[in-house]
Structure formats: structure tokens, C-alpha cells
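The two complexes that follow have chain A in common; it is paired with chain B in the first and with chain C in the second.
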Partner chain A sequence: MKVGSRRIGFVRRDTISGWQAFLISTVSVIVGLIVFSLVFVVSDVSPLTAYREIFGYAFLSPSGFRLVLNRFIFLALCTFAFLIPYRAGLWNIGMTGQVYMGGLAAYGVVYLLGGKTNPNLEVSAWLVLPAMIAAAAAAGALWAAIAGFLKDRWDVNEIVVTMMLNFVGSFIVSHMTKEGGPFMNRGGGSEGFPLPTSLRAPVFADIPFTALFVAVLAVALHLLFTRSSLGFQIRAFGMSPRAAQYAGIRTHRMGLLVFLLGGAIAGLAAYHQFAAVPGVYKIPRDYEIVGDTAFFGIICGLIAQGNALASLPVALLFAAASIGGRAAQGKLHLAFGLDFALMGVLMIVLVGFQFLYRYRLAFRAVGVETPPAGAEAAAEARGRGSEA
Partner chain B sequence: MDTDLWANIQPGEELLAARGITKRFANGVLANDHVDFDIRAQEVHALLGENGAGKTTLMNILFGYLQPDEGQIYLRGRPVRFNSPQDALRHGIGMVHQYRKLVPAHTVLENIILGHPKARGVINERRAAEEIAALAESYGFRIDLKAYVWQLTEGERQVVEIIKALYRGAHILIMDEPTSALTPTETEQLLQAIERMTSSNLGVVPFITHKLPVVLRISHRVSILRRGRIVATLKTAETNERELARLLVGRDVIFDVKKPPQEPGEPVLELQNVSALSDKGTPALRDVSFTLREGQILGIAGVLGNGQHELAEVIAGLRPVESGRILFRGQDITRAPVLERWRMGIGYTPAERTEVGSIPDFSLVENVALNHFWDRQYVRSGFLDYGRLRSLTRNILDEFKVVAAGPEARGKTLSGGNLQKVIMGRVLARKPRLLVANLPAQGLDIGAIEFVQQQLLAARSQGTAIILISEDLDEILMLSDIIAPMYEGQIMALLKAEEADRETVGTLIAGGQVRRSAG
Partner chain C sequence: MLLPFFLRSLEAAMIFTFAGLGELVNQRSGVLNVGIEGMMLFGATVGFIVAQSSGSYVAGFLAGAAVGLLLGLLHAFFSITLRVDQVVSGMGIWIFGFGVTTYLGAPHAGPLGMERLQTLFGISPFVYVAVALTLVTWFVLQRTSLGLALRAAGETPAVAEVSGINVTRLRYLATAFGGLMGGFAGALYALYYNPVWNYNFIMGWGFISLALVFFSMWNPVVLFGGAVLFGLLWQLSLNPELLAVGVLSRYLWRTTPFIATMLILVVISTGWFRRRWGAARPQALGQPYIKE
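Presenting the complex of A and B:
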């Protein structure tokens, strides 16, 4: 585009600093909100009113913020579950199934202790809660490990496997909690049995303790990928499996490793969602909504470019948009599904703006262009490639 | 299009002139510094420069892909500005890329017509075919227009590129590394074709990295670009290989590296009847046996594809052994994992520098870490010691005179020669007892080749046993203590350096009869 004697164009960038990425993300959120305000305009609602409703409910009302926080914890954990394989160049599309398996395993522990028939079960929470958490993590890990193992062993596409295992997982949950399944609530209702009161996860200042999972894992993953030898090996494999093999990294176990780690974190997300969120404490009949929400971990992870710390604000934004959107939909009598539509639009705009992570806007005198940094070296390197 | 721009060209007339071209990139690199360059009718003006000298930038400016910060381009004396490659082509400047930009699934004819300005809407293929055939014939090219591009050899593809440019009205042909992918026969054919083209009023500008004989054979004038500047423009008839090499590198180049005599030490590596398969599953290595001692260089000579690559990978642990044994200092490592071999002191520098030897998107520190992430010196309770890795990287950059922005530069920003230096430096920093160097100097420019060879000799003098794989017979003969010509997966002989000569080795790598062998 020409402006006077100058030309505006996109130029490939070589590196991007943290604050540039932050700026791009912020601008993209604002643009996303502006785009979505069309929905309000056609519904004769002032966009300003609508957004005040949405974000006012999400961040300013105590009840709304509690919901946002719970969803944020769930989303952040699902994001981490996606991130680890992603850094190894593998795609975990199966957080949904891993969450289902984690939830079933956590309740399996309770079931074995007789918690289904005895809502007043007297057991030591100090022993049983860790067992539930461990069972959830182990189940998520093993479920995901199927994909990792098949990838390592026969190079089976992990996207297909994790995706398909979601359907299998959904079927198993349905089998266990509905139609007379072993985990079905005795009172009927086609849902899982309720968690005995003594086994409810501790809550501090309205925040379930599972928030600690997020805090600890965010820091741990950050250190893993920036400092540790293991994280280095995972990243090297993700960038170039052949170079990793050359360097002596155990490439034939990498899929298993990252899917075990990712799946375990999805299992933690399940524990949070089904056994730690106040007011839930069961596998609900509409458990598939939970599974659908888990998918947003993929988007958060992609928008954050695989960076665990950067994924936190993204997960918070989506949590707020979905909770606030749902509230505004009822209050302003808007069409059903507003929350998911808002998340969808934000997502598309954010992903669209990813372009700016790789390119930057540049003003230049007409005709003058800058090549990508390193273009010379790259071109020369290609040159030698053909000679070799 | 200025049709009259190219009317009445006089032989020897200046067709294109670039004056004072300066180009500075966003990262601060001054790629072209007041470059003057011109091309005359009926002339081949070669531009010679090492990797990173600014050749690609100048070429990109001449054909409109980049615009200079300063300076002016003149076409037959008239100032012009090219805003795009299409624009340059409209002005009669054609580009023949080293990477053939042809569609393999299309025919030659379709490729030539594709994207032609006249070929909008309905294309009269028969007429175009006649025009192209006539054009090709006038320059003495023989090419089957109906053949599919995937069926063609590299040389034939290049001819297609040339005809494509000519058909679009090019009067000046810029050729990027024209002979680099060609066989000797194809090179000769190309050189003859260039001679025919320049006998009409065309000007040809080949950009060449290091093939000095080609420059001497083909060009009328040669300009040498070093660090962004033209350091000399010479009449080819008045110069020679040695002078060009000196101008190119900026100092005298020793074409003969002196290899000091040295007594070999204890056996380091022993292969006993080792066989292995290629990626396709066909036998690639057949019954290979040899013993290599400390301080010896074993030169594996041969045309690529005769099992050298598989041999390197088998020793590095990247390829399974079908039968036979590999002993490293007496220990059986036939099935040892890669990492164990690194720990034992086996180092490998792969031929595929960007796909295997390095990770383009990693910083140099991270690329260096590829060979150290398991070493206690650089790992503290599971965490990499980036401080130490950074200073190691700095040492490598200093010691090996790597041109790079610094330890945090991405691998992809380095030229091939500099990248190879980083890979070599990283492996040699481990002080390996055995180094497998797979095509270490392939595709590098003269200065870097000399440097890499000296590093190999330095490692040898410290007692490292070295397997040197190379296609360059002179390099093998110059550096090796033992020479092993390979043909179809077999080692044809083990020749002592003093017994080997070009002819013997040349015969053996072509599958000729073995006269004698030695240990």
C-alpha cells in the first residue's frame, strides 16, 4: 500500500521480543472484540454495554470471577497438556479423552473405597486425595501414551490416534456413568455418583487448591524448556528429529515421554474439573461440554507459541470470554451460544494475527525493500546444498 | 516494455552498469559497499566471491528482487530502476536460478510458456512451440519441448531455464552458480552454449563461488567481490588461478597443505566384515574391514552413492549393522547407542549440515549444546549450564574465525562455511579419539576449505584417528595416511599414502581392477 512517497508493507522478521509479542496479542484481542461487536449491533445492543456485561461479570462480580478462575485452571492445565508434545513437534488433540480417563480414574479410587454407596464415607482425605490425583494423572498419562507408543513404534499419526481416542473415551464415560453403569448416581439422573463430602478438595478463599497445579506447572514447564537438559532434548527433537538422533537423543522414546507428561497434566485437569470445583464434585451428565472446553487448550497453546507462561493470560481471556459471554447472553436476551461464538471469533482473530509474529509492518520509501535478515546466508546455504 | 531499448547493439558496448551500489540490511550487515559492475555485449563477465561476500545481494539487486540503498543502475546509459524481477525481465534482464524454478510435472513447453506476459487467456501452443524451437535452434540448443521436466537431467533443466529467459526477451543473462549441479560433460556443453550465446549480442553474468577453472575457461572479464566490495576487475586472459584465489580470500592460499610425517599409535577403530543396507533397503555396505590407528587419517575416496554415507552412519551409530563387528579400542560397539559412542569419544560431522548437523532455528549456543547436553561439565542436576555453553561457543567462534553476529545468532543466519566451522569446532571441542568427517569441505569456499583441512591435520597431530570421506581426490591424496577407494559398497584396496597416486585411486573408485593392497 502506498502512502505518499512511502510504502507500507510486510517484512519477514527474524526474532520477536517478549513485549512485541505482548503488544501484538493485545491489539489482536481488541480487534477481535471490535469484530465481534457486530453481533451486538445486529441484536440492537450497544457493544459497550455488552462488553461491560461480559467482562464486568467475569472480573468484577465475585461469583463470576470464581467461575472464571475455575475455568481458567482447567484451561491452563489443558494448555500445558498440549504444550509438551507440541514442543516435541507432536500434536496432542486428545486432551478431551485424557480428561475423561482422568476423571474416571479419580472416581475409581472413591468407588473402590465404597464412596458410591456411602456419601458420608469417613476416610483420611490426606491419603485419599493424593491417591485420586495420582490415579487421574496416571490414567490421563496412560491414555495419551497409546498415541506416543504408536508414534514411536510404527510412526502412526498421533493426531489421528489422540482424536479417535476422544470418541472412545467419551463412550467409556457414558458407559460408566449412564444407563446403570457402575459409576451411575444411585439417585438416577444419568450422571456419576457424587463425591463424598469428606473428599472434596480444599478451597482457600474461594479458590480450589488446584490453582497450585497451574502455578507450579507454569514455572516448571518454563524452566523445563528454557533451562533443563530434558527440555532441550525435547525441543531439539521437535525442531529436527534427525539432528536429535545424530546428537544421541533417545528419539525412539520421545513420543512416549511427551505424551505421558502431557496426558498426566490432562489427568490433573480432570481431577480439578470433576473433584475440586465447588458445586460440581461429580462427573456430570453433560460431561461432553467439559471435553469440548478441553479443546481450547490447543488454541491457547498455539497462540502462546508453546510458551507456558505466555499461555496463562490467553487461558484467562478465554475463560473470561466464555463465562462472561454466557452471563451476558442471559441478561441481555441474546441468542444462545454467544459464549462459544465469542471465543471462536477471538480465536480466529488471534490466530490471524499470528502472522505478525513472523512478519512486521514496515514503512519505507517507495521501491526500497529489506530482505529477511539472513537471507543472504540462507540463499548461499541453499546454494551449497545442491552442490553437496 | 521498451522494444527499442535493445535496438542496434554494438559489439562490446556497455549494456548494463551498476554504479555505487550499496545495500545495508536491517541487521546492520553491509552486504554491498559501493559496488561498480558492468556488462558488455558479447561478453561473459564473471563475478567471483566467497559465501557471504555479497554476491547473492548484488545478484538480487541486478534482477530487481532487492532495491539498493544507494547507487544507480544504467541500461545502455539510461538510469533505470527495477521494482521487481518481472520489471527487470521487461527491461531485458533474465535470471537463470541455481534452483531450477520449473514445474516437474509439466512439459518443457508448458514450463517455458508458463507465466509469460503474452500467455494470458488463450494460448496458441503450436505457434509458441514453433517460436521457441526456432529460438533454441538459433543458439544451438537441442531440447525436446514435449518432454516432462522430471525426465530431464540437471543440465537439460538449466537449458530450459535459459531458453525460458531468452524467450521472454532477455538480453542479459544472470546465472547463479551455473555449473554447480552439473556433471563434467554437462558443464562443457553449458560452456559451449554460453560461448554461442555471447557471439550474438547477449551479455552473460555468471556468479560463481569457487570454481576457478570454470571462471578462467568461460569469462572475458572477472570481478572479485570480497566483504561487499569489488576488490578487482581483471581481464581473464591476464590472470591465473593463484591470483584469483588470493584476491578471493584476501591472502595467499596454500593449495598444498603440508602433512607432517607421524608414527601411528594404538588401534582405535576396527571394522570386521561390516555390511549394512541403504535407506531403500538395498545392500549398501559389503564386507568392509579395516583397522585405523591413533593419529591416522583414513581417506575414503569414491563417487558419492558407493556406500560412504552408510559407512559413516554405521560408525556413528545412526544405521544398523546387518552383519560383522565394529570394535572401538577393543570394545565391541556394533550395537551401541549413539550417545554411548559420543561418550566413548567418537565424533561425527555429518555431510547434511543443516538437516542433521545443526538445527537452523536454534541459536549457536543451542547448536553447540547438541554435542554437550549430556556432559557433566555442562549439566548441573538436569539443568544445562548456559553460561559455560555460551563461553564454549564464544571460544569456537573465535578459534575457528566464524563470521556470526554472536553466540545467540540463529544457525540459519550462518553461511555454509561458517556453519561447518561451528559443527567442526563443537565436535573437536570434545577432543574425540575418532572423528568421522563426512564431506567436511564439500561446497565450502576456498578459505573455509583450507581452514577445515588444517583443523583435520591439527586433530591428527593430537592423536585423533580420522575417517575422511570426500569426493575430491586431491583432498584425499593430500590429507590421508591410508586411502580406501570405495566402489559399490566395497573397499577396493587400502593404499598407503606413499603408494597411492591419482591414477590408481581413480581406477579403483570406478570399479577398476585391484592391483595391490596394503595395510
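Presenting the complex of A and C:
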């Protein structure tokens, strides 16, 4: 488009500063929230009232804020589980299944100690809690490792595999907790047996100690990707597996590595959700809705552009939207799934904004030569190798 | 006992076929769509709501197909015009579909409450349409200039463009067709195969259809074969008593189609299989085309 002696157009950019990325992500979230207002308008609710209801409950009411913090821990861990493979160019959309396996493994430890039949089990929490956590992390890691191994060995599409593993995992949870399954609550009720009181996770000021997982992992992942050579290798692999190989990086185990790490963190999320959140302490009947909440990790990771520290405020925002949304849908007579709808709308807006991460608006004087397009095409053609 | 089982499997197969044919044409033009699950969820939920509130199946099917078409165009806009990574765009459409349809459908949870659609020789007439469409798609892709142009756009878009083919327009067309088919397949699922709206009720059929396209080596006839196989597997997982009584819980049986999907993906990804059949993969699949 020409304006006077200037031409306005989009120019490809090769690098983007942290500040610019932050700006684009923030604007995309704001635009997403504005677009989502349409949902309220259609339902005859003023968007301002609705957002005040959602975020007011989430941040200003003590009971709401406690729920938000617990949800935040879960979402932040799911985000980490997504973003480690994401930095290697791989899509882990199987946090859901990894969470299921982690939850089953944690309760498996309790089951083996007889915690199903004896709610007043007297065991040392100092020994059993670490065992539960380790079992959850290991189960999540192994479940995810299936996708990583298949990716490395035969270049099997990890999106389809992790998604299939979600469904398999979901039915395994049903098998274990419903219709007489081994983990079924003795009182019936198609849910898992309750955690013995002695094995409830320590809570400080209403916050379970699992908040430490988030703090430690956020820093650790930040250091991993900014300071360590392993993090550099993962990122190089993510940009171009072939180039990474030529650069001497051992790439044949990369998928397995990142999925093991991601899956282990999803297992920790499961431990938190099913064994540490006050008031839950079991695998609930509607575990599928809890499990699918893990999908928020995808959008948090994408908005944060794979940056672990940056993902924390995003995860907090979505935790608030998720908890506040559930509260508001009752109060404002909206349908179930308001938070999932917000996730969907923000996601699609974000995809549109992806364009701005790679192109910028430019004003150029007419007649100035632009660089040859061939270089751009070559840069575009770098194979991601994540199909089929 | 066996005949109804087999007929029901064919009806499941027709849904995989419609969704898969759309995805196949889509991919043949060089555009990967991993968001087909979201398109099916949208087609299913919108089709369900429209049919239920208007009392008309025709309106439901049209609405389901139309919303799929719009999502196909959206995917085309993102991945062809804006050159967003095709996987990112597809994932976006899936989550968009999952999130929004959960909210839209929740007030309509439960059975459709309409008289069931008529059958023809015991199966939905759409099964015959699916067979016909498979053959037509094969014919168009292999024997017409449109098919040649489409395949060229997916193999070597730069060369196609030089020989006078408008790659962008063809890819738009193919992606819109993929969306249309995905939406229609979803509507067929919700209005005929499983007319009870339920949370996330497409159950991964979109992802299975995607895997079927990889399995088909981009050949519509093979795709139909795969769809029948998965239709059988799915029905078997719901009726394990046909195979074995009392072995494993009904929940564990339900995992079998998903495990089979992974196994098939593994087999077609092995070096042996790729050496033998792998050349069929559209070379430019997943890559945006930039006009020079």
C-alpha cells in the first residue's frame, strides 16, 4: 500500500526483543478478552459486570483466591510440562494423560500401604509423601516417554500419539476408580478412595507446599534455557533438528529427554491436584474436566513464548479466569465451560497474533530496494519435521 | 448379532471417511490441518443445536458443514496468508473448538430428541455417499487437471506457480474443503451416529482421522479401507462381548482404538514402510509457500 512517497507493508523480522514479545503477547491477551466480551453480550450480560465478577471473585475474595492459587500451581506445572518439549520443537498435548498416570501412581503408593481400607492409616508422612511424589513424577515421565521414544526412533507424529495417550489414560482412570475398580471409593460413588488424613500434604497459610515445585522449577527452567549447554542444545534442536545435528549435538535422544522431563513435571501437577489441594484429596468423579484443564498449559506456554518465568503471570491469569469463570457462570446464569470458552477464544486470537512475532509493519520510501526474497524463502523452508 | 455390528461399523467408518477425505485433499495441496478435531467438534455441536432448535435435520447438516467451512477458511487465512506455522494454527483451531463448543453445547447436553434419520438397506444413506465421494476424490486427484494442479501445489509449489497454477487459490480451496468435510463429519456424528450431546464427545475421532490420512499414503481408496478398519475396531471396543466375555473391564476395551492408532502410526513410520511407500507424502506438506 502506498501513502504519498512511502510504502506501508509487512517486513519479515529475524529477531524479536524480549520487550517486543512481551508487548505482542500482552496486546494479544487484551484483544482476546475484548473479543470474548461478545460471549457475554450475546448472553445479555454486560462484559464489565462479567469480568468484575470473574476477577473480583478470583482476586478479592479470600476463598476464591485460595482456589486460584491452587489452580495456579496446577496450571504452572502443566505449562512447564508443555514448554520443555515445545522448546525442542515438539508438541506435548498429552499433559492430561500424564496427569492421570501421575495421579494413579501417587494413589498406587497409598493403596499398597493399605490406605484404601484404612482411612486412619498410621505411617510416616516423611517417608510416604516423597514416595508418592516420586511415583507420580515417574509415571508421568514414562507415559510421556512413549511419545518421545517413538519420535526419536521412527519420527512418529507426537501430536497424535500424546492425544491418543490422553484417551487411553482417561479410560485407565475409569477402570481403576469406577465400577468396582481397585481404587474405587469403598462407599461407592464412582470415584477414587480418599487419601488418609495422615498423608495430606503440608499446608502453609492455606497454600500447599507444592507451590515450592513451581518456584524451584521456574528458576531451574529459566537457568536451563538461558545458562546451560543442555538448554542451548534443546533450543538448537527446536530451531532445526538437522542443523543441530551438524553442529555436533547428540539429537537421537532429544525427544525422549524432553518428554521425560515434561512428563515428570505433569506428574508433579497430578500429585498437587489430587493429593495436595485442600478439599480434594482423591481422584474425583469428574476427573476428566480436571484433566482437560491441563490444556491451559498449551496456551500459557505459547503466550509466554516458551519462557518459564514469563509463563507464571500468564498461568495466574488463566487460573483466575478458570476459577472466577466457574463462580461467575453460576451467578450470572451462564453455561458450564465459560473458562474453556475463554481459553479457546484467546487461543485463536493468539494464533492470529503469531503473525506479528515474525513480521512487522514498516514504512519505506518508494524506490528503496528490498532485500531479495530468496533468503526469506530459505529461512521459511527450514523443515520442522514434526508431521507424519 | 454380527450383521448389526458390521453395519454400525460401516456407519462409524463413513464419519472417518468424510473427515479423512477432507484432510487428505487438504494435505495433498500442501496444508496440514491438525485441528480437524476442533472442526468436527464445532460441526457436531453447531449442527446439533441448530437441528434441535429448528427441528430440521437439513438445517443441522448445513450449519455443521458451514461452520466447518468457515474454520477451514480461517485455517487457510492463518497458514497461507499470514504464514503462521500450520501446526500452531491447527492446534489453535482444536483448542478453540474444544473450548467454545464445551460452553455452547452445555445447555443442550443430552439426547437430540428427534426422530432418527432413515436408513437405506439397514445403513445410513451417507455410507453410500462416502463410498462415492472416495471414488470421486480418487478420480479428481489422479485423472483430472484440477487434481494434477492440486498435487503440484503440494509437491513443488514454486514449479506449479511457474506453470500457471495459482497455488494460493488452490490451497485456499483445498483447506476450505477440508474444513467443510470436517464440519459435516462432525454433524453426521452428532445427528446420526451418536445423537447425544456430551462433553468433548467427538472422542478424538478428528485425531484418528488425521492418523488415517498418514496411514492412507494419501490415497483415498486406502483411506476408506482404513476407515472401515477403525469403524470395526471402534464398535468392537464398545461390544467386547463379541470377542471375549468377561475379560478386562469395559473401560480397558475402550482404549483399544487409541492404542491401535498409535501402533499403525508406528508401522507406517518405520524405515521399512517409508522406503517402500513413503514417496507418497506431499513434499511441501507443512511449508508455507512464498511467492518469489
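Everything below uses one rule, namely that the second predicted complex is superposed on the first by the 346 of 388 C-alpha atoms of A that agree within 3 Å, B and C clash if a C-alpha of one lies under 4 Å from a C-alpha of the other, contacts with A are read in each partner's own complex, and residues count from 1 in each chain.
Note that a residue touches a chain if its C-beta (ideal position, glycine included) is under 8 Å from a C-beta of that chain, and two chains touch if they have at least 3 such contacts.
Bear in mind the structure is a predicted one, so any value in this text is a computation, not a measurement.
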Task: Touching partner for A:I84 - first (chain B), second (chain C), both, neither - done: neither
- [ ] Scan A:S240 for contacts with chain B and chain C and give back first, second, both or neither.
- [x] first
- [ ] Could you tell me if A:I265 is touching chain B, chain C, both of them or neither one (first, second, both, neither)?
- [x] neither
TODO: For A:V39, select first, second, both or neither according to whether it touches chain B, chain C, the two together, or no partner.
DONE: second
TODO: Answer with first, second, both or neither: which of chain B and chain C does A:I93 touch in the superposed model?
DONE: second
TODO: Based on the superposed arrangement, let me know which partner A:G248 touches: chain B (first), chain C (second), both, or neither?
DONE: first
TODO: Counting touched residues of chain A, say whether chain B or chain C comes out ahead.
DONE: C
Open item on the list: Contact-wise, after the overlay, does A:G337 reach chain B, chain C, both or neither (first, second, both, neither)?
Closed with: second
Task: Touching both chain B and chain C, residues of chain A - done: 373-374, 376-377, 380-381, 383-384, 386-388
Open item on the list: Can you tell me which positions in chain C touch chain A when the two form their complex?
Closed with: 32, 34, 37, 74, 78, 82-85, 87-89, 91-93, 95-100, 102-104, 106-107, 199-200, 203-204, 207-208, 210-211, 214, 249-252, 254-255, 258-259, 261-262, 265-266, 269-271, 281, 285-288, 290, 292
Open item on the list: Could you list, by residue number, the parts of chain A that touch chain B in their complex?
Closed with: 11, 14-15, 223, 227-230, 232-233, 236, 239-240, 242-243, 245-250, 367-371, 373-388
TODO: Please name which positions on chain A make contact with chain C in the complex.
DONE: 39, 91, 93, 146, 150, 154-157, 159-161, 163-168, 171-172, 174-175, 178-179, 181, 288-289, 292, 295, 298-299, 302, 335-338, 340-345, 347-348, 350-352, 354-355, 358, 373-374, 376-377, 380-381, 383-384, 386-388
Task: Partner chain A, residues of chain B touching it in the complex - done: 25-27, 29, 31, 51-52, 54-57, 60, 65-67, 69, 81, 83, 98-99, 176-177, 180-181, 209, 316, 318, 337-342, 348, 350-352, 354-359, 361-362, 366, 369-371, 373-374, 379, 382-384, 386, 410, 412-416, 418-419, 439, 442-444
